[in-house]
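Have a look at this one.
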Amino acid sequence: MDFSHSPKVAALRERLLAFVDEHIAPNDHLHHEQQAAMTDRWQPVPITEALKPKAREAGLWNLFLPESGHGAGLTNLEYAPLAEIMGRYPWSSEVFNCSAPDTGNMETLERYATEEHKERWLKPLLAGEIRSCFAMTEPDVASSDATNIQTRIVRDGDHYVINGRKWWSSGAGDPRCAIFIVMGKTDPEAEKHKQQSMILVPRDTPGVTIKRMLPVFGFDDAPHGHAEILFENVRVPAGNILLGEGRGFEIAQGRLGPGRIHHCMRAIGLAERALEMMCRRSLERRPFGKPLADQGVIIDRIAQSRILIDQCRLLTLHAAWRMDTVGNKVARTEIAEIKVAAPDMACQVIDWAIQAHGAAGVTEDFGLAYMYKIARTLRIVDGPDEVHKFQLGRMELNKYRAPRNARPGESV
Amino acid sequence: MDFSHSPKVAALRERLLAFVDEHIAPNDHLHHEQQAAMTDRWQPVPITEALKPKAREAGLWNLFLPESGHGAGLTNLEYAPLAEIMGRYPWSSEVFNCSAPDTGNMETLERYATEEHKERWLKPLLAGEIRSCFAMTEPDVASSDATNIQTRIVRDGDHYVINGRKWWSSGAGDPRCAIFIVMGKTDPEAEKHKQQSMILVPRDTPGVTIKRMLPVFGFDDAPHGHAEILFENVRVPAGNILLGEGRGFEIAQGRLGPGRIHHCMRAIGLAERALEMMCRRSLERRPFGKPLADQGVIIDRIAQSRILIDQCRLLTLHAAWRMDTVGNKVARTEIAEIKVAAPDMACQVIDWAIQAHGAAGVTEDFGLAYMYKIARTLRIVDGPDEVHKFQLGRMELNKYRAPRNARPGESV
Amino acid sequence: MDFSHSPKVAALRERLLAFVDEHIAPNDHLHHEQQAAMTDRWQPVPITEALKPKAREAGLWNLFLPESGHGAGLTNLEYAPLAEIMGRYPWSSEVFNCSAPDTGNMETLERYATEEHKERWLKPLLAGEIRSCFAMTEPDVASSDATNIQTRIVRDGDHYVINGRKWWSSGAGDPRCAIFIVMGKTDPEAEKHKQQSMILVPRDTPGVTIKRMLPVFGFDDAPHGHAEILFENVRVPAGNILLGEGRGFEIAQGRLGPGRIHHCMRAIGLAERALEMMCRRSLERRPFGKPLADQGVIIDRIAQSRILIDQCRLLTLHAAWRMDTVGNKVARTEIAEIKVAAPDMACQVIDWAIQAHGAAGVTEDFGLAYMYKIARTLRIVDGPDEVHKFQLGRMELNKYRAPRNARPGESV
Amino acid sequence: MDFSHSPKVAALRERLLAFVDEHIAPNDHLHHEQQAAMTDRWQPVPITEALKPKAREAGLWNLFLPESGHGAGLTNLEYAPLAEIMGRYPWSSEVFNCSAPDTGNMETLERYATEEHKERWLKPLLAGEIRSCFAMTEPDVASSDATNIQTRIVRDGDHYVINGRKWWSSGAGDPRCAIFIVMGKTDPEAEKHKQQSMILVPRDTPGVTIKRMLPVFGFDDAPHGHAEILFENVRVPAGNILLGEGRGFEIAQGRLGPGRIHHCMRAIGLAERALEMMCRRSLERRPFGKPLADQGVIIDRIAQSRILIDQCRLLTLHAAWRMDTVGNKVARTEIAEIKVAAPDMACQVIDWAIQAHGAAGVTEDFGLAYMYKIARTLRIVDGPDEVHKFQLGRMELNKYRAPRNARPGESV
């Protein structure tokens, strides 16, 4: 369990930090302004696009993909500190072609798609030429339980016909979004976790209608966005099914682990930036004749933030190490732990940073309200806290149900 | 300390509840849609306007104004349960001409303006024909300490000339907003709390520029809005000063008490509605085969919400009763208590309600993210929690500094 | 809902406060010393005994008993502020013959015992000549659910024969404890809430064995104490049953409401004293060159304590008022609210006071650790928080199960 | 930063776990009974003494001492998982001669004492033949700020004369306690951190009076105990001073780091055992017809406990690794972090475990109240949380005071 950076990772970190210092941090305000000013909300933000070739040139491209020649060949543990850095500026992940849901979709295609589909969808995704979307959550059912999903995928000759309604289909707002991975049921009578399948649906397939883009805490997250999508008699070739009928749940499981750990690492970076902002603001602002930085309550929160962040980072690195060494399935306990811990921590730290900024904290001048929106939403995305804690609690209890009783939790 | 409803209040409550049932609740979604659909963001929302005459006709108009023939003649304690009901649907306060900052501005004009100014500004405000704005907070200083304010109000012959920059000037977005009450310094050399004055500035006075409307958690709060305003050599007649030079702090103190208690009562109503939504959703939603309402964590939060709300309501009624009986100045302890307690409570209850709604909780389909924005912002508006707690803590400590030592806190 | 003090209560409060100032506060340390020094732990503490005649003489005796000529004839709402004052010094309740479980036992006897039993047990209890015990909780089952109780009470001719094991039988340590009220099952086959009965068992009845006195957080609570008691073929006359077979649950319900509200009022008094101690200590103690009272974190906690206490007191007065006006059964929601809120609040305030006292906070020099023990134990006594919150949450949810849907919670 | 167990540590852990399984866990109840039954409170507990030779024989003796031939030669990181295991049963540390304050005292002697003193005091301490005490805290001043210390150590010819009052001198109750390390001021006029010295005082030196043993949450912690000690004209040879006059603060700093990390590791073990007990109890106990383990609130707390413990363990291992690699002084940030985090975490987990045990949780049948006492006291011992957080917050703020501004916190 060695969390030190290998020389390879250390070099990538240095390069990434330098890139952030040179290109991301100084353009953060510009990015915000460009995005805010766009009247056609769903067009790419110029500064993001302008930086992509630079990132690629700097060798900071597709860093996320483990066990593949297409990415940087990093393990989860190696990728973690890089994702943390990207997380400080939420828009920056895309600059490095490391943004959700494209990362998860690329990984899914890399693992489960045919060569033909890889050529058609994975290649341009890796090149950053198209974007993609993952359509799983449904408005009408509690989708944290995937067995509730109602979208139907019905075989009809050489095709599958898809009917259903999805929402929170992130990334669908982008005009370059060309491919959807859709989860639905092929056999509602099958065993509980064999009913679901995943299928590739090109965006321009007839019957696909984007009903609306969802606001989140008042933000539209343009040009990425979160869509509500109607699938009406959408017909795609049978070969578009991934891995085969009834394998959807299995693919989802494989996909969710990395997705969650990426979210958590980015949330840690986000919290670090909020803490930095809290410190800087506290040193500058002087209500009642002395800087906030001299007030006990503020100092206490800064200290507590440092503790919360450091604890959470180590827990996340630990989960990454477990994923790398025992596999995503066995490491589901550790993944559940960070999925609960990181967003909660980030919400707390950002909330304190907001408070230290007063009225400026809830408007967009510092971006803290937007950062809070990200962290708060993470407590729901990929399953709400309650579901993960329920599973985690049950796994802990199970240790003591066994005939041969366990010892209390042991040191790592 | 009798918190029961007098027959007069009981009758008003019944009428108000009936109006909400008939006109507000069923139009909540329509209001949201109309507002969301407006391309010119700063026009009145039709349903709000359509309901105003009905409210007036129902005798539900200007209920807030204490000790005045213009309002309903209610004490703070009497108005509290009515404000709570309005708070359930944040947009409804305006329907009853009871929305901030107009209420505070009307009260200020009623108490301190000349007859001429009352005729010109108070009368149309009471009639709901114009809107108003209170310009106090400044972006460049920690305005929670009013002595930091930098806007200058300089006498020049028969006029005052105003220079400064304000923000969070709520209500300035509304095209009907006709009058600003501006706080600034007339004498920066005077005693600390005699430097400030308040002055009336008609919106169309040359030199008044609305620089931008501030987003709050991504929301623009249109058509009301929160403005950043530049005052450049703005010249108004000397008679526009309220009460006289150096009286600004005094007016602010008188104004803030009622403003805070109104906010708190509305926050309680907001929390009640969030709790209702949490209950209804929990009864309907069935992840993992049984309703959320059967899950212990949810039940526990619902119980805790009931406790938190009930405690907070009683504390607020108590503060109202104190304001009515000992005056706003002596009751500043009690006002500080609720200013901290109510927004914090509302944030917690709404956050739990969001969680119970899953992905739907952070989008606008249920309005919960918007409700959270209101409650969260209240922790900063009119002074952040930390300032109120600092004062409250000092007042508590002072009890034991006196030569003759106090007893521990006594029952009310 | 008038929480003001009637002239009668105001006069009692003045008298009680004067008595506390003169006799209780100055003897607090002496009481602690005398109790600590007793080698025979189970003898009355001299100062307690010395003050009883003074309290009786001052008309401060048996203040608790509502609707009875034996007490002061106070409603719950009237008794509440008096109980709060007694709660500041936990040992003082007994000085006024107002300590648990005697209060509950006296009320039970007053309501449900025969004249003969009143003469034999109630009279000397009212006179403070004997003490009593309530034996309900059992070590082997989760007694928060009274239907779990296993003690058997079996009719045998003119007698009942009792077998079972009880613990947490508070007050049994006192050598003057003469009478137990025992809860057990007379008919395990009856309807769920008709199985239980209560019966009077004189302490010296053969077969009653005190197995041990339980320590609580290391304290023995001598001379009162909490006993584990074995009942082996304990035979008492059939007339000792209270109200009749199968009425035990009903008696318990009637008894628990007042017991809980007394606990809560005392917990509020305890928290007030902890807050006073925190303030005084903070003014005196100067680590790092300035008094704790100038440190932001301490001031913040003092403010928060004031808010928490005031909220909780109002909630408790509200519950008392409900008990007085709608009866204990209907007011069970309000009783559940305070049963959760008051101990939790007291734990928090006392914990902060401990922290402000440093090492002195956890030893007995200031009594804070003992105060914490009281408050912490109250989160379990008479049903753990979780049970009350479960019931409270269900009651809230039930409002929305009805065919005619409720409005959100309304102002009191 | 490799937290894996080296083969040496892995072997020690296996041996230690086996010893705990065979000798400690099965005797936990016996230990409690023996201790509770001792009328002479200050005699060694037989089972503890009986196990010491076995531990020594098993090679589980003096495991704590880093960089020394006397101990097991373990780094802090290597010792951490062993301390965690000992922490599960608080009395077990002494069985392995690894209990505070003897560990810290042995380390201090090893580093700073003369050969003569090592022979006289360190040797029998290492052999477990005598016990020792560290006298630093004073009742009259806030000792978390060591500059407040008032005890005087005055040179008088070949001797030093000590006058002062100490308390919380842990271990002084043990009749085998033979040597005190006393902190006092040799030069109150010197530079702030050069005023203090440490000096060896044999317990039987004239003028040393143990005034009383302090109860902690009602517990006496016999036979170890926490003493209040009066030093009146206590005269010891000048050579008894450690390292030289004015070096006391420096020694304290060196000593406190390891002391704190040992406390934290043991607190983690304690929390693990509390979690185990919470799980086992929840599986057994069935209020209201189903096991606690099926109730959502309990499951949620178990999950949260798992997260809290795992986070905190990793943070502690990280601090140990920093101490080993950059030294205790540079690692003071990390030590401050765990000093705050671990006791707070343990308090929370144990509190939940208490609640799951109901009435049994606050008595001594399960030892949970005693475990809580340990964890709660740790929030004060070696400096209260507030002091550590103040320093931690300042260090974080300092990053941004520098002319060359820092980046936000970086991944480890």
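Lettered A, B, C and D in written order, each chain numbered from 1.
Here is the rule we use: contacts are C-beta pairs under 8 Å (C-beta built on N, C-alpha and C of every residue); 3 or more make two chains touch, one makes a residue touch a chain.
Here's who's who by UniProt: A, B, C, D = Acyl-CoA dehydrogenase.
On a predicted model such as this, the values are computed, not experimentally measured, just so you know.
S.K.: Comparing the two chain pairs, does A-D have more C-beta contacts than B-D, or is it the other way round?
M.R.: Most contacts of the two pairs: A-D.
S.K.: Once you find the CA centre of chain B (Acyl-CoA dehydrogenase) and the CA centre of chain D (Acyl-CoA dehydrogenase), what distance in Å lies between them?
M.R.: Their C-alpha centroids are separated by 52 Å.
S.K.: Roughly how many whole angstrom separate the Cα centroids of chain A (Acyl-CoA dehydrogenase) and chain B (Acyl-CoA dehydrogenase)?
M.R.: Here chain A (Acyl-CoA dehydrogenase) and chain B (Acyl-CoA dehydrogenase) have centroids separated by 37 Å.
S.K.: Could you work out how far the Cα centre of chain A (Acyl-CoA dehydrogenase) sits from that of chain D (Acyl-CoA dehydrogenase), in whole Å?
M.R.: 42
S.K.: Could you check chain C (Acyl-CoA dehydrogenase) for residues that touch two or more other chains and list them?
M.R.: 295-300, 386, 389
S.K.: For the protein chains shown, what form does their contact graph take: line, ring, star, complete or other?
M.R.: complete
S.K.: Of all residues in chain C (Acyl-CoA dehydrogenase), which touch chain A (Acyl-CoA dehydrogenase) in the complex?
M.R.: 295-300
S.K.: Applying the document's contact rule, which stretches of chain D (Acyl-CoA dehydrogenase) touch chain A (Acyl-CoA dehydrogenase) when the two form their complex?
M.R.: Chain D (Acyl-CoA dehydrogenase) reaches chain A (Acyl-CoA dehydrogenase) through residues 1-4, 13, 17, 21, 80-81, 84-85, 88, 269, 272-273, 275-276, 279-280, 282-283, 293, 296, 298-307, 309-315, 317-318, 333, 336-337, 340-341, 386, 388-394, 396-397, 399-401, 406-412.
S.K.: Going by the contact rule set out above, which residues of chain D (Acyl-CoA dehydrogenase) touch chain C (Acyl-CoA dehydrogenase) in the complex?
M.R.: Interface residues on the chain D (Acyl-CoA dehydrogenase) side: 137, 139, 141-145, 148, 167-168, 214-220, 226, 285-288, 292, 295, 297-298, 354-355, 358-364, 369-370, 372-373, 376-377, 379-381, 384-387, 389.
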